[in-house]
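By written order: A, B, C, D and E. Residues from 1 in each chain.
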């Protein structure tokens, strides 16, 4: 579970709720003044429809996968990946059989083996040349990133279109309000016309509020989170690519660790003496 | 037919229509309050004229070709292209005659052969060196992309100018309304002046609404879709360039597939054993 | 004559004129309500003065040359350039004398010879090495582009400052209007104060209208056009650089055409068999 | 202590305070009119919660470390680093033992030795090849920068979300104010309704004020400062990488200084004759 | 003296002054309505304080040096630099002594010798290898540019923060005005409350006006000018680097001119025959 996302969401809901509650108290207007289903439809529906036009259908459907990614944390660290690569380097130096056995088993340092580590080692075992392994791994990573960035852009796109449709909704509300100004009040109602105008304008503004909230409290922070996750993946890939190439060169595990340590923050680097 | 575009357009029209209908009900103002031909002319005509100034005539005329592209899906997948390249690699290893025959026939995996695959194989058959084939294919792709990006910018440009002309129209409306404030009401009409002002302002705001809707519901999502399509084409070109170079080196079809698999999402990679 | 620019300008003027005329009819206010010389001075003069500060004097004076560029089309196509390069390659293979003669004469495919083709061939005749020719041509192109981009930025800069000075003018108008609110109406006039305020505000808004129109209808589309022209020049330069290097290597005209075809859109490529 | 940050903060507080005080005098309204705890909660809490969603928890917690960085200056100059590298180059030329001794001791030119200098020299002593040392140092620097840029983005993100939540707060306030317009004044109060509306709007605007102040007076300038500090670090790293590679090549201290002087502003370059 | 900056400043002051004067005439409000010291303090002081926080103290103090740069023109042209490099190439071919003499004397083509030319020739005389000279010169230029870009960002930063603090000042004014709406007019004054509100709002808007003017008429055009000057310096550096490397290779002055001509606009290229 990703704590940051959860805490951020709760904190924001509490704060904005409190602010709304206190405004409601001060003005004597019910909190329901902030709730309007049509506004919600325009903002969420409108930004979803613009996004559906802007992207391929199957990319839009990945939205749920993205939401899952936002709320879930990786259950391994960069150090675990480095440990696994050092173990595989060790196995490879002891012989082809050993590497095959190590690959078949689960890694000791983490619960599962990264796809890229597995694919890379299989290329080595399959007899591909180092240059070719490097080209294949780099292409894999480049096009993985391109695909995932496209998916993440769906979230960013929602964040861009939400305020725009918020404004569209407000404009529609304003136009009807202004057009209706000269009309006689419907019989049976005795609200004074200025109050009626105020209420219509309040409803019109709700769409702008929703547009701003959905963009700045949900879609854009979500898009930022996904961007951060993608950058993490790029570091992982860089470590794995360098690690696999070192394994292919039958480098000593100590050298593998020394080289891969450079990718880690100083506090996480395992000292070579620890080996 | 591109489902995403269609669903997005329908969903958006229904949602905004509903919102307008409910506002119309609530205020007792006819739905026609949102329709104004002059506003439409200013927003669509103005952004088209700015775009006509900004681009070459023939690029602007491609707009219709772009619209067709937005609504049409590719009828082949990346895997089909990889399959065709593997087949051609196989033919080439069996001899020059075989490659010529394979090129003359339709591909087995898809309904037509990509231009670039054909041009590349013809260069190989024509005796060009691998370096030269690579340079020519890369130039073709670079300048194809440059031409198409320029065409797509027409759509983006419409999305940028539409809200600007929406604002121009609103400003013109406001200026006339404000200038007319001191004038006596025309004889025979007995609308009170405030209501008259409200109506004039409603009409002025319609242009802003149209500018925002055309930009955020049509032009900008269309531009995003075209950008996505261009990125797809770049992946196709990368696959074809690498594939053709491998064919030129008389690489084994299995090796071709292994190398080209790196460009595909893991789920679409055909296993080498399937061959 | 560049048709796009002309049509765009006419279309825009007609549309905005129509909109203004219809607003004028509807409100009974004269069309002259949109004309204000001081506003014109602030917007055009202000953005010109900011641009004069931002750029070198001589770059600003190029503005007229830029306007000419916007309204004039090239009287040759990329194919003409390729044809000329193929002819020169042919001449060069027949001997140094032939190349000199071909260079002295006008090209057969177009009315004049591009400077870069001439300079490049002279370098070859002067005995420069291929590497050196490449370096010199690339530097020429890089610094030509840099100079022209700087000039084009003058137009873009006008488009950025115009709305800003539009806002400055409106603010000045608003401040005076608001300051004057408490004052007694000048004797002899009997306009009611609210109408007076409306008129002052109308005049204040004209500056914003002009700022938006000058930016979005003239300066920014002009800047986009110049950017497109620069991109065209880059393609021309790329073709000429590659062509000259091939001539220097005494490549066969057919090979020159094959290599240069890669820069052209498929429809414009002359088939090698046509030669 | 970083004087710029301190002076900027004090100057800004004094100026804005004076402006608020003079406005307070002129209108006869107490200065407390600018203080509203709910607005503070919405702006600071809201932007913090959006940032918590957008980043990893541990990155957000680094915020305090970032604030310390903003207020603290480096206690060494680039020249000190160059001096230390020259000393180490000198030691290395005198022998491996000398370098080990120099590394164990404190540098003569500064209070502590930069991590990167130490790590680099240890790699040399450990027998790594020059290529490998270069790769490791460059990777260290690349991923250090990437990590720190991600941390700095937390500050920038606060600066982007603060005005957005300022607007959200103002919209909530406006909606309640407008909704409450038709309501009868609560019994016992005899404020006229227009004054009441003015007061509600004043409170609503405070959130926008806070959003703008927090972004433009604190978060965004802080983010700029951090960006500047990161650029300083990149220069330091470039100097250290080049210096260490020269040491590894057993370059003469004079040559080391000559090469590293190129990174320094002319005024700080120690002349070689001074050595 | 830089004419562009001067003419731009004068033109802008005259135009805006005229506009203010005519608005003043039309409304019967004194021109002093546009002058407000507190607003000036908030905008200039506020943007200066934000900039002081955002940059290092010593970078901010360079602001005056930057202003001098904006108003001063170079007293040499690119052609002068090329001429000097050709003269030095000629001297170097005649012998080491001749180069030393030429370096000691003033250049014939310009009043002083560029630092970089001097440093480069000294490196050659000092016996550095061509590769090393190239590395040192490129580093010098890269880090010179980085330092100067950082300094120029101070000006850009002022242009970004000025409108923000303009808005802050306006918000403070608005909040006090709105809060004071219900208050009884101070005894002894008999201005009607609406006029009082208009005046307070006029004062509040002055800060926005100042923010926009300082940004768009001074800070941002100044920042653009500095950017242009930096780009000029980059061309100079590129010419000098290539020239010095050619001198180091003992290239013939004619060849030096031919190579360096590529960096100049065609009109400024001295023909080789002129030599």
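One rule holds for everything that comes next: a contact is a pair of C-beta atoms (placed from the backbone, for glycine too) under 8 Å apart; a residue touches a chain by one contact, two chains touch by 3 or more.
The model shown is predicted, which means the values in this text are computed figures rather than measured ones.
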Chain E and chain C - chains in contact with each: none
Smallest number of contact steps required from chain B to reach chain E: 2
Distance between the centres, which are taken as Cα means, of chain C and chain B, whole angstrom: 25
Separation of chain B from chain D, taking each centre as the mean of its C-alpha atoms, in whole Å: 40
Ordered ring members, chain A first, chain B second: A, B, C, E, D
In the complex, chain A residues that touch chain D: 2-5, 7-9, 11-12, 15-16, 18-20, 22-24, 26-29, 33-34, 191-192, 194-196, 198-199, 201-202, 205-206, 208-209, 212-213, 215-218, 220-222, 224-225, 228, 231, 235, 258-259, 262-266
Footprint of chain C on chain B - complex, ascending: 38-39, 41-42, 45-46, 48-57, 59-60, 115, 123, 128, 132, 135-137, 139-140, 143-144, 146-147, 150, 157, 161, 164-165, 167-169, 171-183, 186, 200, 203
